[in-house]
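In what follows, subunit A forms one complex with subunit B and a second complex with subunit C.
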Partner chain A sequence: MFMRNLILFALLMLAAMAGAQSAEDIVRELDRMQTFDRLYTEGTMISTDRFGEKRSTYRAWSRGARDFLIEFTNVEERGQKVLRVDDELYLFYPDAEDIIPMHGSALKQSLFGDVSYEDITEGRNTLDKYDVGLMGSEDVKGLDCWKIEMTATSRDVPYPRQVLYVSKQDNILRAAEYYARSGRLLKLVDVKKVEMFAGGRIMLTEVEMQDELRRGSSTVMRIDKVNVEPVLRDDLFSLRSLY
Partner chain B sequence: MIFIPKMAMLNLARYKKRTMITAGAISYGLLMYIITRSLLSGVDTESIQNLHLYETAAGRIMAEGYWANRETMPLEKCFDPALTVPMLEEAGAAYAPRISFNGDLIFFKDPFPEDGSIPGRFTAVDPERDADVFEVKNSLTEGQWLKNGEQGLVLGHWLAEDIGAKIGSPVLVETQTLDGYAQVIDLEVVGILNCPNPEITRSGMFLPLSVANDYLEMGGMVTEMNVSFGNSSASDEQFAALAADVEALKLEAVPWQVLGADFVAISQAKAGSSGMVILLILIIAGVGISNTMLMAVYERVRELGMMRALGMKDRQIRSLFLWESAGIGLIGSVLGTAMGMLINWPLVRFGLDYSSLLRDSSFGYRIQGQMYGVWDFSSIAIAFLLGVGLSVLVAMFSTHRILRLNITASLRFQ
Partner chain C sequence: MGMFRLGVFTVLGMAVLVSAMAESVTQVNMELYNSAYRGRGEGWYYGLSGLADLRFVSAGNKNMKAQAALEFSPRDVSSGLEESAPMVSLKRLWFKANFPSWRLTAGKTKVAWGNGFVYNSGDVLFGSLSPNLDLTQSAFRDDTAFLMAFNVPLGRFSYLEAVVLPPELVYANSRYEVQSIDKISGGMRFFFPVGGFRLEGGYIYKGDKKTAYDMLGHRPYLSFHGHVGVDVYGAVSLAAGYDSTLSGDDNRDTWEEISRTVNFSLGLFHQFQVGLDGTLGLRFEALVMPWQEWSRMNFTELTAGSGLYGIMIYPEVSWNFRSAWTVSLRSLISPVDGSARLTAGVNWQVFQGFTLMGYVTANIGGRDALFAWDRSTAWPFKGTALAWPDYSFNGFSVTLGGKYSY
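And now, the complex of A and B:
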């Protein structure tokens, strides 16, 4: 009897070990699921603060985890572009016909609402930039989620600490918290909608980012149209293409 | 010989109204010249003083490349202030290390009237050493000065008024560490200052160096070392003499003229424009003088014809008119400089209140509220000589035209 219980316990332990995921595994899978070789999207950003609501529309192209180009299409900002290439960020204003490289504290400025330039400078390859650790489980909007702490190891990231909530069921990011170096909560990210694609890949199609330092300030980023693996011009992610 | 000047003076007395009108035109021109010069020089002098005392000192030592990238206030362009201390002490300079950084000042309703945030430039100062170089500490109007280690913030008076900050109000400063990580500093407003430099009163935000050092993770580095040689008249030369030693440390020494380039540019532009203003004043005065002198000469053409018929030589007539115009110029100059000095006295003593105009923009000048004049005696002397010289010049021209007429034509002149 004792021997049978011991074998059963050993088998259960083995099964648990086989099923257990480390924080690294979860984050690596998260990166894989959200990275597309080539992607074209059109979307809307809605920023709300005490002065009211502001909407911007955009179209964006991305290649892998690093190269990214966004062009605003609403009347007020039409033609403004932000390019991330070779880990550098550039702005283009059509009126000035000038390209402005963004560095240092300039990256903290708002790109749109609560989304700063530095928020979009972070590509994937999360494990190259953060130490990750599993903090446990937590319920997020009725979903059982892994709670993962990410501590920055690289100077190239804006937030020294992040906490991610990843659904255990489908490994999809459901929420995130961004913290300052002092430990103060800066931003809350709430993933509202997700779209699935072939190959087990997903896209967060509606995300709300709430600024915890500025009451009543939030930004919703919504993706209205997606084209996975589009044909992209070779020089799309170059300074020349901004003009 | 004395006959001509005596006759000229009699003529001036005889045509009192004309004499006073012409002298009045001269004196008005000179009055405007003296006041304009006084105020413009006063603004310059005070701006330079307020730049030195509240913003730039004699100059600033920075890491190489910081000044070129000053718009972004790059914290990574920092240096160990201890490197510069031996050199500065040997030169007999007072010095104050500072860290300047960009950030957002965030505040919330209760105790503030509204939630809000404003981007701005924060200056972390050594609470003790800063007073050796700057007068910021002595401009406190409410609360107390910063203390090392205390998470306090001192705000400019206008800024505090705009956001509704009071002593004891809690605020947050959102910024980045030296490594570029997001950082938030909890501070409490401990002091409000009102200084003569509008840039500081409008947007000054000061916190202790030790707090910035901890939160920005600077490891004892600073972004600037401000240098002062007190009221020394050779201050600029003394600062320039540090350049070689500073370069040897792979740092750069930036003098106040470069740090306050916006003011220097406006001052230079002003020098050009004030020259234009003065030229216009002189033209207006010159036209007035020439007009009245011409009238004076033309209404006496027949009288001149008769004098010439009686045997008076052209040279004597010309001399008579020059004496008359010099007399008018002298009266105008005496009146003009006297009135100018009289009006300048309250400008020097009490100034003009421009606070409502200068609050939103001081046009690069570092004056706040009161615009003071100065006693610029060289300008007053120039004004005096100009008054006499201009009248004589105009009279020469007018007399020359009259003397071209022959005697009979002069006698028949209507």
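And now, the complex of A and C:
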């Protein structure tokens, strides 16, 4: 009896270890699939609440994981730009003709909705911020998906706990749930559109985020135009691009 | 009037030209405020004020940018006058040309030198020393002037910038007059990063005033911006040599005279994430002029610009939440005479481009202080009523307004 329990325990531990490893692999592959050497995008953020829609439009350039430039194109924010090069981050306000360097906690300021300057300008390094574990499998919109739990390793993330649903067939994120530290469900994420590129890379081109705390409140992040591996000017990621 | 018409036609002509040369975008920004405030004689006043600007912005040519912006401000549309008296001014009229190794900016615009939100000793082009600020405004120190700037990048984060500003037209003898070339302003700055800090230094010769409290002559400055747990920034500048606006001896050529112009600004800024979708921002700025006045002065001298207190402080707390609401408390504090102006505000971004705003402003201070709660018994004799009319602000106001961009 003792030997049987010992063998069962050993098998459970092995399964748990294999599961944890597998969850890390899945998340690492998720990051890899969404990382591009060079990228140009045009996009729209639509936040909806009981007062109607608010739209922000932008165009953005990136090179590797650390060089990033975004310019807002909607009327209210037209010409505002954010530049990130390595650890340097600058904001440009066209009316003030002024460049504001940003540091530390200012990076966590909301750029639009839930998205912070840090979120949009930082490279994908999910495993640096979260411990991940496999919770099992679940069917999402007819697709067999891995259910992965991510627990934040620091307080520097907006959501301390996330649950991801990743399609087993192609390793693409299909849905997610964001929870507060108390365990309360805050947001439901629905991946509506995905675009495939060479090298097994993908881009989530339409994602809807439903706010579970405010009825009728949601944010849609949509990529309207993508150019992978565009030709970028040498001085694009420099201060002169801000003016 | 002729000059005004000429200006408007020139701007409209430029706007049409901009539109014709390249794809252009039109934008309108409107701000309207209802204010109720206590006046000089303890009477209450209610006024509708506002601002609107119409912009023509070039788009399509990545090497060229241009903008023309007319600003309209109704003097007092609720005054009951048979004919309203709107004022139209040219706020911006500029183009920028990006050459392969340098950039040219020409026209009426702003060049931001130094670092600072309210107090910026490095802003030697426009001056950021005035203690008279309306904290309900969406943009402080938003002055523009005609200038030409040449910006030469020296690597990704360094550049040299030279700027030349022609003298302003002066209204005299019922007409606008051109000033002589000795009123020209010009200078250069150098911007570069060192470690985690951005350093900036420069010099300008100022030939004429661009704003109130502006100091003329030789204006060197140094400025920095960095992060040591919190954002920290500051600047120092002075004025020496000929200043045509000084009465009597108009040449600052002794240390005693120059020292009175030495001014330091220092700022600290930090933000915290509050809850899931909130941000709390804390800002503290100080302006120190060690050789200015450190004992109480009468408010008439201060507001006339004949002296400045040795220290002024600006603290600000702002809380942004749900990506639509901002609650703020701003203050101008004058430690020398123990007075302050407090402005509490709420902004709510209701619809796309539309923001509702509400502010309460209250002064705290004695009747002769810079920020007096009630100056009723301290106003100058009525004979100077032109300078201090009955509707002068007297310590308390409530403002409700809206802003719309489309």
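We adopt the following convention: the second predicted complex is superposed on the first by the 168 of 243 C-alpha atoms of A that agree within 3 Å, B and C clash if a C-alpha of one lies under 4 Å from a C-alpha of the other, contacts with A are read in each partner's own complex, and residues count from 1 in each chain.
FYI, contacts are C-beta pairs under 8 Å (C-beta built on N, C-alpha and C of every residue); 3 or more make two chains touch, one makes a residue touch a chain.
This one's a predicted model, so the numbers in the text were calculated from it and none came from an experiment.
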- Task: Could you tell me if A:96 is touching subunit B, subunit C, both of them or neither one (first, second, both, neither)?
- Result: second
- Is subunit A touched at more residues by subunit B or by subunit C? C
- Touching A:240 in the superposition: subunit B (first), subunit C (second), both, neither? second
- Query: For A:180, is the partner it touches subunit B (first), subunit C (second), both, or none of the two (neither)?
  - Reply: both
- Message: Under the stated touch criterion, which partner chain does A:216 make contact with: subunit B (first), subunit C (second), both, or neither?
- Response: first
- Message: Let me test your reading of the model: by the given contact rule, A:158 touches which partner, first (subunit B), second (subunit C), both or neither?
- Response: both
- Message: Quick check on the superposed pair: does A:88 touch subunit B, subunit C, both, or neither? Answer first, second, both or neither.
- Response: second
- So, A:50: does it touch subunit B (first), subunit C (second), both, or neither? first
- Message: Give me the intersection of subunit A's contacts with subunit B and its contacts with subunit C, in residue numbers.
- Response: 103-106, 108, 158-159, 180, 186
- Which part of subunit C faces subunit A closely enough to touch in the complex? 25, 27, 57, 96, 98, 103, 105, 109-112, 139, 142, 151, 153, 155-157, 159, 193, 196, 198, 225-227, 229-231, 269-273, 276-277, 279, 320, 323, 349-353, 405-406
- The subunit A residues in contact with subunit B across the complex are 50, 103-108, 118, 152, 155-160, 178-182, 184, 186, 213-216
- Task: Please give the residue numbers of subunit B that touch subunit A in the complex, ascending.
- Result: 72-76, 101-104, 106, 108-109, 114-115, 117, 172, 174-177, 179-186, 215, 217
- Message: Residue numbers of subunit A touching subunit C in their complex, please.
- Response: 47, 51-55, 75-76, 78-79, 85, 88, 95-99, 101, 103-106, 108-110, 112-114, 158-159, 180, 186, 235, 237-240, 243
